[in-house]
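You will see two complexes here that share chain A, one where it goes with chain B and one where it goes with chain C.
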Partner chain A sequence: MSDAFAGGSDRRDRLKRVALYAVLVAMAGFYLIPIETGLMTAITSPETYTGQTPFLPPLEPLVSGTGSFSLAPWANAFDGLARGLANSFILVVPATVLSGLLGSMAAYGLTNVEWRGQIAVYVLFIAGIFIPYQAVLVPLTQFWYNVVPLQAAFGPLAAAVPLVQEYHWKLVALIVTHTAYGIPICTLLFRAHYKKLSDEMIEAARLDGASVSTIYRRIVLPLSVPMFAVVFIYQFTQIWNDLLFALTIVQFGDASVVTQELVGIGVSQSGTNFPLRMAAALLAALPTLVVYVLFGDKFAKGVTA
Partner chain B sequence: MLETLKDRYSRTGEESTVRSLLDRESVRSAPFWGPPFLLVALFVYGAVVWNGVLSLTDFTGIGSPDYGTLDFENYVVAFTGGTPTWSDLTVDPIWNSAQNTVVLMIVFAAVCLALGLVLAILVDRGIRFENTFRTIYLLPMSLSFVVTAKFWLYMYNPQTGLINIGIQALGFGPVEFVQNPELKLGAVAFALIWQFSGYAMIVYLAALRGIPSSHFEAARVDGASTVRMYRRVIVPQLRTATVSALVVITVFALKAFDFLFSMYGGYQPGPSADILATRMVREAYANQNWAYGSTIAVVLFVMALFIIAPYIYSQYRRGEL
Partner chain C sequence: MFLVLVGPSGCGKSTTLRMIAGLETVTDGEIRLGDRQINDSSPADRDIAMVFQSYALYPHMTVRENMRFGLEESTDMPDDDITTTVEQTAGMMGIEELLDRKPSDLSGGQRQRVALGRAIVRDPAAFLMDEPLSNLDAKLRATMRTELQRLQETLDTTTVYVTHDQTEAMTMGDRIAILDDGKLQQVGTPLECFHQPANRFVAGFIGEPSMNFFDVERRENRLVADRFSYPLSEATVAQLGDATELTLGVRPSDVALVDTTGADAFETTVDVVEPMGNENNVYLAFDAASDDPDTFVATVGGMDRVETGQTVAARFPESALHLFDRASGEALRNRELADADEIDPRV
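Let's turn to the complex of A and B:
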């Protein structure tokens, strides 16, 4: 009797377990299928693309109607996006490093000190995270185009220094803007980390006569390395993925970043070239996808800590 | 000790005030928080104030803004519509896009949180390959809004989109999602949920892990069913996680401009999917109604304040700042 009962509940447990995994796998499918469909379409030659089975790999001539395999969409996507990709890299590296470093400094200056005013300053930093970009776009455009003579300064600079082009002034403007808007979230992430650092260690260093900056360089900075990983991942993704600041500060022309170039790709008079468009979307997403697959765990731990 | 006392006595008058001022922690830490604070003060808060002033002008992009005559005309136009002095055309009030913004935000946030919570509970049940599942659920978050829009534009396509292939396999006609006024906003919300529900899952999962396992066991010993246990014992403890996930997700919703711009290939998503974020950029950058764009930006800013202020206040009350 009791055996039969145990057997029954065992089977029920096993059924529950199977159902659990079925739901988990189905949800994984839900999150992956738009990306998978895009990938399969992106490796189909546009001439043989029919659109009847966008989620299947191109297996012609084995399976008819699926189109034949080709990497031409990727080559074309790369041609179309090359300039944007280059500009995005020029933008994203300094902006990520600068906002991370300044955020760490701000968090340090506002955490391990005995000063009551720090809360007020900190609130201004935190509120900055949630301010919609729209609230500052018009002044920013005015500032970079009509107030700062950055464009005029870049004319002679481009003539004197190799590799520097006049249009780079827009990227510099974008780097400064992204840095300023990245500082608040970086400060928040670093401060949560610094509050957990041992007070005793810092107090001991202070009693030994270490200055504020020595403590930062010798103790706090080396202990921030894991947090820098989180912050860099976050900022890299945010800045690489942004469209709005680029649209309003770069506007158009040689300094366009990859998200701007992606908006219009794959559309022509003769209709939409889906293989090209999907290849371009994946190519533009590749850097952040790689970063997430490699370091996603670290990131998840950092944001929720 | 003796030395410090001697030190203190040797300082006199002005010198000691200067010394003690320099010794203050606020001053000594200023080189650290000062430069980042200046950047934020100038580019964030300076720009917000400047934007507020611009919203009172009639700036339409010609020459420089005239700060001599300031009035609230733009706000009257924003709330009631009409023909402003700076234009020959009638300008629509913002109610339609404000309503879309609120609807999108509520639907998006509510479904994201609910789905995130369910996923977190499932992932928390001691499963194998947990890291793999988590990475997959979080993967869409790494994508740009522009990329997500391209993927879903393809998924929704009436001829070649996977969703319509599925619908047709069931024997129904192709459905137009992206350009259909009745389904547009839903289609946008669905794609955004796809992108960000993984984030809610991560936040809830961390919170679930923080609940002592004795709480789960106590409920189990009491003979409570699993569903009841979660509802009565676990979910009430997730308030903090809900608030922090909600704030971040709402901010993502406010940024949906990038998505709409990419989905509709420009500034015109059409009236039924127009949100304040697109309306603002369209007025300023496409129609050159700069001051009016600034006005809509102020409205958006105030809406954001309604989310930020209670959040920061509650953080402050709980001593988490």
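Let's turn to the complex of A and C:
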């Protein structure tokens, strides 16, 4: 093969690369501009914010019309959302862990332990995934407000235990609701993972004298870590971002979660405070990003497993 | 005792093993271990250890933890004793250096050793092994075969070993049990099964290359096949009773290649020669001219010169003949062992 020919194909390869990167950079820019705009708006002083060029950094007095730099929107957003953030954390951590753990246990019982009628029970679990939220809103309100005396039980509890407030009963109701709603999808995800576990390995453990629960605790659970990362990220995002159940069960008041608080922040009769709204939105989204970063490598393992 | 369950795939040998282990339910019959009936005991209560084909090691545990697991779950042994027992067994298996590694860091042969070690450390009443060597390469398999036999002699624990490989069955078993289609065909020492097969299936399954079979019909004291007719002695005829539809079996090693045809030697053509070094497998055909000749095999010495296309006479010595009832497959006559040369090389 001649050198000239090799050189030609080399140049063509390089051109292809350049074109590829150009397209990738353009796409990345296209998708990132809204976030960039939000970020820039959030660090602009509300008094100087004009809304003319929201994607430019606030460079006044250097560049006129861009607004002046200020971190006040973040401080205000944090003040405005503090209660919601705290309530959301109280709710999301137990609900995520519980739905993951119960889903994993259910999947183990439905996959690696043999008994009659498994499939029928599993079908019920799967059906749970398809129940629309809208269909359960009214029964859910009835259930937590009229059927279960949770509120009554929390009165004395709040008096006796420090840090527990009476309004926490709403968060407990939300935790149970989200857990129940999360179990079917978690079971489905874990079952896919458990079907791939070697039957011989489970049998080896049985012959080694391990009981059903010991096999779960010592063999299956440690091998589920990547799947837990997937489920935790999924459930955390799902529950953190939920507004519908929160509106139905919490309705309003001290137990409001961050999505509820976010709805009203920066809106008043005198107009919309865009920097504050942007800062609040970014702040409310931050925990889900942190969870991705924390579980990201395990998540990748779980998805590709 | 080292019992080998052998048979073609799907014959029920693994199921049998799993029933002994308690992983399958038994619908009928009885399983006894020593003098206790264990049909209804759970796998954990049977005092049995099993080695799986895939080794089934716990991937998240180190070798040490893998070996400890069974002792921790099935006994109340104190921690110190477990540590000592695990280390002793690891020493015996030559896997001490591997104790702190995970199964994913081990080679196939090492995993195999760990799987054996994990079974041995529990000191069970019986070992069950489900094709434990089938994932190893040929050379390692041969080594492990010898080692397993030695180990079993040292431990002196009843072992049930499942394989589809008749070489493993022949070389390892004190007894072998041949299964086909869920039915037990024969139980006996390897040599009994080789020389005195109970039926045609066993005769064809044990031995490599397998026994040659010809459909024959008995007319008075002759066996008439498509291509040859074989005179039988009075003594042989007497063993056959009144069966006339028969299958004649002769082992490749018993077929002799000679230079003259005779009453028990027939003209054939050499179709293919497979040189094995120490011996040649010679495929012979009565109808070499046809496109798809029916061949049978003779095993001759490695130094014998046999070439494709050569015409030879194949002699079937009467003493080496097996005769089976064609319908039932049952052996009517097995080879005589009287003429086998016995050698007893003792110093």
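The criterion applied here is as follows: the second predicted complex is superposed on the first by the 271 of 305 C-alpha atoms of A that agree within 3 Å, B and C clash if a C-alpha of one lies under 4 Å from a C-alpha of the other, contacts with A are read in each partner's own complex, and residues count from 1 in each chain.
Throughout what follows, contacts are C-beta pairs under 8 Å (C-beta built on N, C-alpha and C of every residue); 3 or more make two chains touch, one makes a residue touch a chain.
None of these values were measured; they are calculated from a predicted model.
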item: Per-residue touch tally on chain A - higher for chain B or for chain C; value: B
item: Doubly contacted residues of chain A, that is, touched by chain B and again by chain C; value: 211
item: Contact footprint of chain C on chain A as seen in their complex; value: 198, 200-201, 203-211, 214, 218-219, 222-223
item: Sites on chain B touched by chain A in the complex; value: 24-26, 28-37, 39-48, 50-51, 54, 64-65, 119, 122-123, 125, 127, 131, 133-147, 150-152, 154-155, 157, 159-162, 165, 194, 198, 202-203, 205-207, 247, 251, 254-255, 257-258, 261-262, 265, 276-277, 280-281, 284-285, 290, 293-294, 296-298, 300-301, 304, 307-308, 311-312, 315-316, 321
item: Complex interface listing, chain A residues touching chain B; value: 20-21, 23-24, 27-28, 30-35, 37-38, 41, 51-55, 102-103, 105-106, 108-110, 113-115, 117-119, 121-140, 142-143, 146, 176-177, 179-181, 183-184, 187, 211-213, 216, 237, 240-244, 247-248, 259, 262-264, 267, 274, 277-278, 280-282, 284-285, 288-289, 291-293, 296-297, 300, 303-305
item: Interface residues, chain C side, partner chain A - complex; value: 21-23, 42-44, 46, 48-50, 52-54, 56-60, 69-70, 73-75, 118, 122
